[in-house]
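Letters A, B and C name the chains as they come in the text, with residue numbers starting at 1 for each one.
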Amino acid sequence: MNNAIAIGRVRRTRRRRALRALFTIYLPVLPYVLFALFPLYFMLVTSLKSNAELYDVHSVPFWIAEGITASHYTLLSAETPFWDWFANSLIVSVTATAISVVLSVLAAYPLARLRFPGADSFGVAVFITYLVPPSLLFLPLSSVVNWLGLSDSLWSLVVTYPTFLVPFCTWLLMGYFRTVPKEIEECAMLDGCSRFQSMLRILLPAAVPGLICAALFAFTLSWNEFLYALVFVSPAELKTMTVGVFSELIRGDIYYWGSLMAGACIGSIPIVIAYVLFLDYYVSGLTSGAIK
Amino acid sequence: MATSSIGQPRRQRRRQFLRTAAGSAAGLAGVLASRQPPAYAQARELTFLTVASFVPETDKELKRQLEEWGALNKVKVRLDIIAHLQLQAKKAAEVQARSGHDLTALGPGLGDAELYFDHLVGLNDVAAEIGRKNGGWLNPDDYLIRGTWTLLPWWQPPFPMAVRTDLLKKLGEENPDTWEDWLRIGKKGKAIGHPFGIALGHSGDANVTLLSILWSYGGSYVAKDGETVTINSPETREAMEFVKRLYTEAMDPEVLAWDDASNNRCLNAGKCIGIHNPISAFESAKKDKVRVPGTQQPIAEVIDHLNTPRGPKGRKATTGFWCVGIWNFAKNAELAKDFLRFHFRPENLDKWVEAGHGFNMPFLNNLTRHPVYESDPQYRHIPDVAKVTVPPSWPGPTTAASQQVLDLYIIPDMFAQYATGRMTLDQAISWGEKEITEIYRRRRT
Amino acid sequence: MTLKTADLDLAVPVTGEAPCRRAGVLTRESRTAYAFIAPAFFLLTFLVAYPFVLSVWFSLSDARVGTTGSFVGLGNFGRLFSSSIFVQTLQNSILFTAAALTAKIVLGMALALLLFRIKHFKRLIRGAVLLPFIVPTALSTLVWWWMFEPLYSVVNWTLKSLRLADHDIPWLPDPYLAMFVVILVNVWRGLPFFAITLLAGLVAIPRELYEAAEADGAGPVGRFWHITLPLLTPVLAVVILFSAIFTLSDFNIVYVLTKGGPMNMTHLFATYSFALGLQGGEIGQGAAVSLFLFPILLAVVFLQLRLVRKAALYE
């Protein structure tokens, strides 16, 4: 008898708690989620609509009434070198990310661990890079790229992207490295490891979330980059995805809306996959990295 | 729409990149040290940068001609296409780096001739030869910048009025010809949900249409000497009063945010009764099979094109003057000149205009009589419009300053500030006068 | 943990190591440090510092595209003040940054607190909230434009269908609404960065502190003010700093949505400098616009980094 009442009470409190969570957490978060997702949903719907329906002012914009069409995707993949652009974006982003993470690990390590004159100034200087406005920086930079003989090659992007990736990654990794206890490394060095070896064998394995966080960030920024990719590379088959889509699907006063949106949808997939796989690392990487 | 690359197959180029990339850090160091782009062959090569044409077939024809010429002359060729809005950044970067394409599209407007005067190859000989072969240039004096040819005017999309014939009939209107006619029709149209539409925002179309109105009322922003700013005149006031009435009585406020594509959409969506625009709107309506809302009738069937309207002081219009030029840092200036001669041969221009459905009209007398303009009654007024089309700086010469007045959208802003009531007529005009004067003053030094 | 560096630096003169350093002999540690930093250092010097110095030169000269120009001192900056468009741009940028930043801080904090307490569908919801930040900006801005485009605007369609409006609302044609839309899109894109980073900060706060506060009888509001907020301050400071810089230099959103119109009411530094420097070819003038705030930003960054570091030191 008593037992049954107790069970009932537990159930009731549990239900009450669930209801409270629904009203104080899940319902308030719903508008945010809708706000975040609606434009992307709209992007998807637009990419699957026939032109006749798309340009009909009386049709309902929210869903597709007259049948789904793949024609925008077909146009994209048959009449433009879309998959080349896609591959280029992938190659450039992966390479630039790899280079940036390596350079940043090397730079962040001494900033977090060693004492040397100029450490502070370098830390600040790295940050100040972001104050330099890119909308004009690309002009002088184009002289440099040309002087290096890299224009019209994917190398120009692989070399220039790290300029805006390295500062953030360095800063993030610096914070993360500091959270890894110094002592474990000191032990390794007593055992005869060099600085470099101890960093490689002891610190880095302990800093995987930080590394993933930095890499994800770098990959996102490279994947989204527009201006350098536009200015430094012109041949159609070497363009990156964002630039390619813009140059072939906006023709003067005609926008190929369906195909533009189709490009945006496909273009978002790799990055979404990357985040789905590594989301937890991303948050925990930021947890330690961004704070310290 | 351009597809595969010309010259080196694209997969191969990327594979080359991958191979180089495989060398990782060492490879990078090697590249940096030798300053040699990894994926480059050292052959005779001609590169051409152009803007994505509003009619994609034009690009295909241009590419075909480039390839044909390349095969004849054993030269590797490459045509690169970018969106017209991105041309400015690209040009600036190439000039800054003093490296890039050999041939490049320039414009819109002839202003690049002065802006990049020190970076373009002189083309007097080529221009003379092309003029001779094509019945002469339309208005050669307009195209001479600082007394010389540094670029060739290439093509223009003339601005007729695109109108909905069914709606005109419904309103009992026939053959509207003056701006005042359009105000009257727009008023009636707006009452039944079909307003008139001209852009008043930051767009090229706004510059074109408002300048056309300004001139038709006798105004201008700079005198023939290219120095005296003439915007503050009774004629300008008259034009501004007219546009204010047009805006408040015959149009929707949305025109303030219109870009070059908005009026096309307004017409094709079945909303606007008339727009001032090249035939691209009609062409895309035809291609996308857009219907008149609520019916199954293709909207292209009820669209017609009329002459650009006339005002109390006559009929004038302008448009984007798209040009082509050769950088003086081009690796192959002579080859580039040779291709220009090839492309501007009457038979090649013929095919190219044909491919563009008459959208891209060359600045050459013979080509304004091209059969394509008779192929469809839609195009019958295009040559008339071309005859009254002048450069945007008219009556002044094209200079870097005249170009900047357009790039900063001073004219549309001046009109819009009065039309929307944000400023009084005097305030708006003196605002415009101050901005224009400042631009011209800065450019003189 | 981090306070050791600074402490030891202060302590250096007392130890025997100091004279060595003063004499200019690098310690083994310093040498290793420089070797590690060298690649990043050279990359940044070569590809950022050099072009940057050139930009500064441009802003002090009458350079046009393709020319080096000659020195004109602060003439370009002086001239900006007499341009009504620039004064407008300055106002716009301040309004834009202040409004977008405030919205992102408040909403980002609220969202982070909510995300923190979510137990079910955690990954799914976090992922969904993060999406706007990772989808290519150039393309996602286009979607927004399509959503506010006068004729096909899905927003107006909805408002009209719900009978909340009886006519099309001129989102982009009206200068104030246009500014609102531009800010909205910026918030849409930047909010996830705030939310996720603050969430990361929340995760790091030790649970015991809350338990102790609860034992002392502190309510949810009290706990927020006395524990969450103070402990989040360092994260918040860095996030705000980052976001302020990126918001102030935003280019894409305005360029795609309004091109600075209507009547220059949405021009920001980046778009106006682009219009002047590239479209008009007046590199000097354009560089002056984009570097206008540099000295102020530099001071702010310097101070804030100092503060952050101090806060971190005495954590």
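Keep this in mind: a residue touches a chain if its C-beta (ideal position, glycine included) is under 8 Å from a C-beta of that chain, and two chains touch if they have at least 3 such contacts.
Keep in mind that this is a model prediction, so the values were computed, not measured.
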Farthest-lying chain, centroid of Cα atoms versus that of chain C
B
Quick check: more C-beta contact pairs in B-C or A-B?
A-B
Centroid from C-alpha atoms only, then distance chain A to chain C, rounded to Å. What do you get?
16
Centre to centre, by mean C-alpha position, how many angstrom separate chain A and chain B?
37
Which residues of chain B are in contact with two or more other chains?
89, 92, 96, 98, 259, 265, 269, 271
Specify, in ascending order, the residues of chain A that touch 2 or more different other chains.
55, 57, 139-140, 143, 159, 246
Chain C, residues touching no fewer than two other chains:
65, 151-152, 274, 277, 283
Help me check something: in the complex, which residues belonging to chain A touch chain B?
51-52, 55-58, 75, 79-81, 84, 87-88, 91, 95, 99, 138-140, 142-143, 145-155, 158-159, 227, 230-232, 234-238, 246-248, 250-255
How about chain B: which of its residues touch chain C in the complex?
88-89, 91-92, 95-96, 98, 115-116, 118-119, 200-203, 252-259, 262, 265-266, 269, 271, 400, 403-404, 407-409, 412-413, 416-417, 420, 422, 431, 434-435, 438, 442, 445
Please give the residue numbers of chain A that touch chain C in the complex, ascending.
21, 24-26, 28-29, 32-33, 35-37, 39-40, 42-43, 46, 55, 57, 60-62, 103-104, 106-107, 109-111, 114-117, 119, 122-137, 139-141, 143-144, 159-160, 162-163, 166-167, 170, 178-179, 181-182, 195, 220, 223-224, 226, 241-242, 245-246, 257, 260-261, 263-264, 267-268, 271-272, 275-276, 279-280, 282-284, 286-288, 290-292
Where on chain C does chain A make contact in their complex?
1-2, 5, 8-9, 21, 26-27, 29-30, 32-34, 36-37, 39-41, 43-44, 46-48, 50-52, 54-55, 58, 65, 107, 110-111, 114-115, 117-120, 123, 125-140, 142-144, 146-147, 151-152, 154, 157, 188, 191-192, 196-197, 199-201, 203-204, 234-235, 238-239, 242, 245-246, 249, 251-252, 269-270, 273-274, 277, 283, 286-287, 290-291, 294, 297-298, 301-302, 305, 312
Residues of chain C touching chain B in the complex:
62, 64-67, 79, 82-85, 149-152, 168, 170-174, 178, 258-264, 274-283, 285
